[in-house]
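Read from first to last, the chains carry the letters A, B, C and D; within each, the first residue is number 1.
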Amino acid sequence: MILALSGKEVAAQLEQQFPGSIIESSENNLLAKSESLLDIAEYLKSSPELDFDYLNYITAVDYYDYFEVVYQFTSLKHNHSLVLKTRCYDRENPTVPSIVRLYQGADFQEREIYDLMGISFNGHPNLKRIFLWEGFHGHPLRKDYL
Amino acid sequence: MLANYGYVGLFLVVAIFFVVTTLLLPITLRFLKIVPKKPNPIKSSAFECGMETIGKTWVQFNFRYYFYALLFITLDVLVVFLYPWAVDLRQLGRFGFIGMLIFIFIIVVGYIYAWRKKVLEWK
Amino acid sequence: MAIKTEPFVLNIGPVHPSTHGVFRMRATLDGEVIIDMEPIFGYLHRGIEKLAEERTYTGVIPLTDRLDYIASMSNNLAYVLAVEKLVGIPVPERAEYLRVIMAELQRIAAYLIAVGAFLNECGAFFTPFLYMFREREKIIDLFEMVSGQRLLYNYMRVGGVSQDIPEEFLPALDKFVREMPGFIDEYDRLLAENEILLARAKGVGILTKEMAINCSVSGPVLRASGVKWDIRKADPYSIYDRFEFEIPTGEVGDCYDRYRVRIEEMRQSLRIIEQAMEQIPSGTVKSEVPYLIRPPAGEAYAHIETPKGELGFYLVSDNSIAPYRCHIRAPSLMNLTVLREMVIGWKIQDAIIIFGSIDITVGEVDR
Amino acid sequence: MEVAEPAGIYVYSDTELDRAEGEAIESLKAHCQQPIPDPDEWLEEEVRRNILLTSIDFMLNWARRSSLWPAICFPACCAFELIAANASRFDLSRFGMEILRASPRQADLMITAGTLTWKMAPQVKRIYDQMAEPKWVIAMGACGISGGIFRSSYNVVPGYNRIVPVDVYVPGCPPRPEALIYGIRMLHHKISKGRAIEG
């Protein structure tokens, strides 16, 4: 049975590692600042007792006044999983650090979010549209797309 | 003796007739408008999985394809000489047989040399 | 004397017999060896996630059929589990057993296509493919009895399944389950020690365990690399914890291991179906669900083990009748992350085999 | 035989290739907003033909319709119904459609099995143009006829007749192999009524 780690425990651990990086932590997910996302993911992957080595998915949701990027990590050894979220508030050019260096599986998913939602990931080696063609105007999955 | 040449002549006539008809058939069918002819630039361009071809195709290829061609030609020449020898083996008798063996032996030496030099490895 | 050879760009493009649909590889070649390869998607991007946002929760089910169109029962199951997790609807026992039977039958049908297409690309021109289609037709007859459709079934509903099985379904299923191991042994005898397949698939396209985990690969491709990870065992959904079955894993992670894992998993699925047929209770098949489901605001993620890998649905609801956001975690798209590393350095014909052994469906890649 | 190391990952910069493909798609999308009329206006008007031509027409039409080879245009789900129709149960080779030809050069019938998106449209148009003359098109499935269940999507062409002239429409999602065979039989009737020799 995959034990979904509660956001509160992990938040406590992360707080003393990176003070001030956790905005809020509810029962089943963990909201972090987007600036410190990269080293949180680094810590989650490298720390022995957490050891999240498998990235389930990355997705993005458009809540009109902010974008929310959702990551779910799983540890194949300890059989537990964690949902990590970040938010970016400006709508013209939302950027989130890319975690392709840590999880190569994030490559296509980040390109898909850039293509359909318009969130650009700085640090991504090959960020361009994955499903639509180059000249396509706009990002279809946004709520204000016609 | 003359009759034998008759057969060769007959064979030549049939061959020419066959070649001429296969060449002229599409032209006559097109003339009779049975085969429709609607050329357009896209139809004459190369088919590459539905995309235009990218970049130039006259590139410098790897050398190993050339080795294969060379080896094929050397061994193919051997086959051409074998045909007339095989047709009247009984008249040639033992002398012809030994001669051909020597000829084959020379070619096989070249083949073994190429084999030992690992030319046939498909890297 | 080293002769400089120039690279040459070739499109193994959208219209190609062995790309399992419309998938394009832009390969840079030196002679036959691939120096570099860029996968290009999007030729079948129908925007299913956008369409899902303007349909009711029950209306999205036909959309999920068309995701991985050769395993549409599994897609339905994944979506329906996500909605039930969001809304919290109990599912009657008989419906749970029916879902497991249909999902496992669909796994066998999808593996038959996967192995058939893989061998088709190995050069066994259509012989094993037609053998395996002969068995798949039997499974399709069973599905037609149940849902009336041959390929896209739209069979499962939130809270159960759409209709009960006719009474001649179980005898037909019993006949199928008794015959099928014989056919699988027939393929195995035909293919397992076949020296052409061994020569072309053994040691070709090796995927190491670390790369597989790092690239979030899932399904038979991950298990063939030696990682014992199957969601039916790791995170048992519906009633999979009541059946016992093994998880076959390969050692090296080459194309031959992926072939072996798929053949073994067919046998395990047959075992599950046998156990499910014995324990199936009678009773209702669908719990009371309002016509327009209006889940409480919140989010839910449910993932199941489909023949391609871990298919997950991430649903966000804002207490309206349509999902606010419906993200689909497509296993085929993740499995393609490793294609570039596995293909570079091999010849084109090996690249086609490696791509065939990963076994993707473009409907799920492009969504 | 060491290989000259390629300049960077790609020998060409692929972004301008993508942009070129993008413009091709945009121009095709702007150009193809109206459906192309189906090539069957000659079916209705009664053509007076003398006997000699009719017998040649009959013979040629019989030859053409009994060996239609389908070209490969397999985007989505209908492809598996087409393969099932080709497999041993609903044998399409009874009608002379022995093999699914991979290249359009050797094909004279295009069965469009699947949803057409705007990114795939230039490729399908190119495949159609590269097929040899007397060629026919069967639009298979609801997505082929009118975009089907994905009609309101931003990336789906509402029907193949925007891109290629369609001869026979086979409804269904996916249509059963029997429905496809019925559509092929209708195409056979249509070919047998046609004029084999133009002009």
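We adopt the following convention: a contact is a pair of C-beta atoms (placed from the backbone, for glycine too) under 8 Å apart; a residue touches a chain by one contact, two chains touch by 3 or more.
As the structure is a prediction and not an experimental result, all values here were calculated from the model.
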Any chain that touches subunit D and subunit C: A, B
From subunit B, the most remote chain by mean C-alpha position: A
Centre-to-centre distance between subunit B and subunit A (centres being mean Cα positions), rounded to whole Å: 62
Whole-Å gap between the CA centroids of subunit B and subunit C: 47
Centroid spacing, where centroids are CA-atom means, of subunit A and subunit C in whole angstrom: 26
Centre-to-centre distance between subunit D and subunit A (centres being mean Cα positions), rounded to whole Å: 43
Residues of subunit D engaged with two or more neighbouring chains: 1, 11-12, 119, 123, 127, 154-155
For subunit A, residues that touch 2 or more chains besides their own: 129, 131-133, 140, 145
Junction residues of subunit C, two or more chains touched: 3-7, 9, 13-16, 26, 30, 42, 45, 47, 50
Touch relationships between chains, expressed as pairs: A-C, A-D, B-C, B-D, C-D
Residues of subunit C that touch subunit B when the two form their complex: 3-16, 24, 26, 30-31
Subunit A - residues contacting subunit C, complex: 1-2, 53-57, 59, 61-62, 70, 72, 76, 79, 83, 103-109, 112, 116, 129-133, 140-141, 145
Parts of subunit B lying in touch with subunit D, wherever the complex brings them together: 32-38, 40, 42-43, 45, 47, 49-51, 54-55, 62-64, 123
Complex contacts: residues of subunit D adjacent to subunit B: 1, 11-12, 17, 56, 60, 103-105, 123-124, 126-127, 129-130, 133-134, 196-199
Residues on subunit D engaged by subunit A in the complex (per definition of touch): 15, 18-19, 21-23, 25-26, 118-119, 154-155
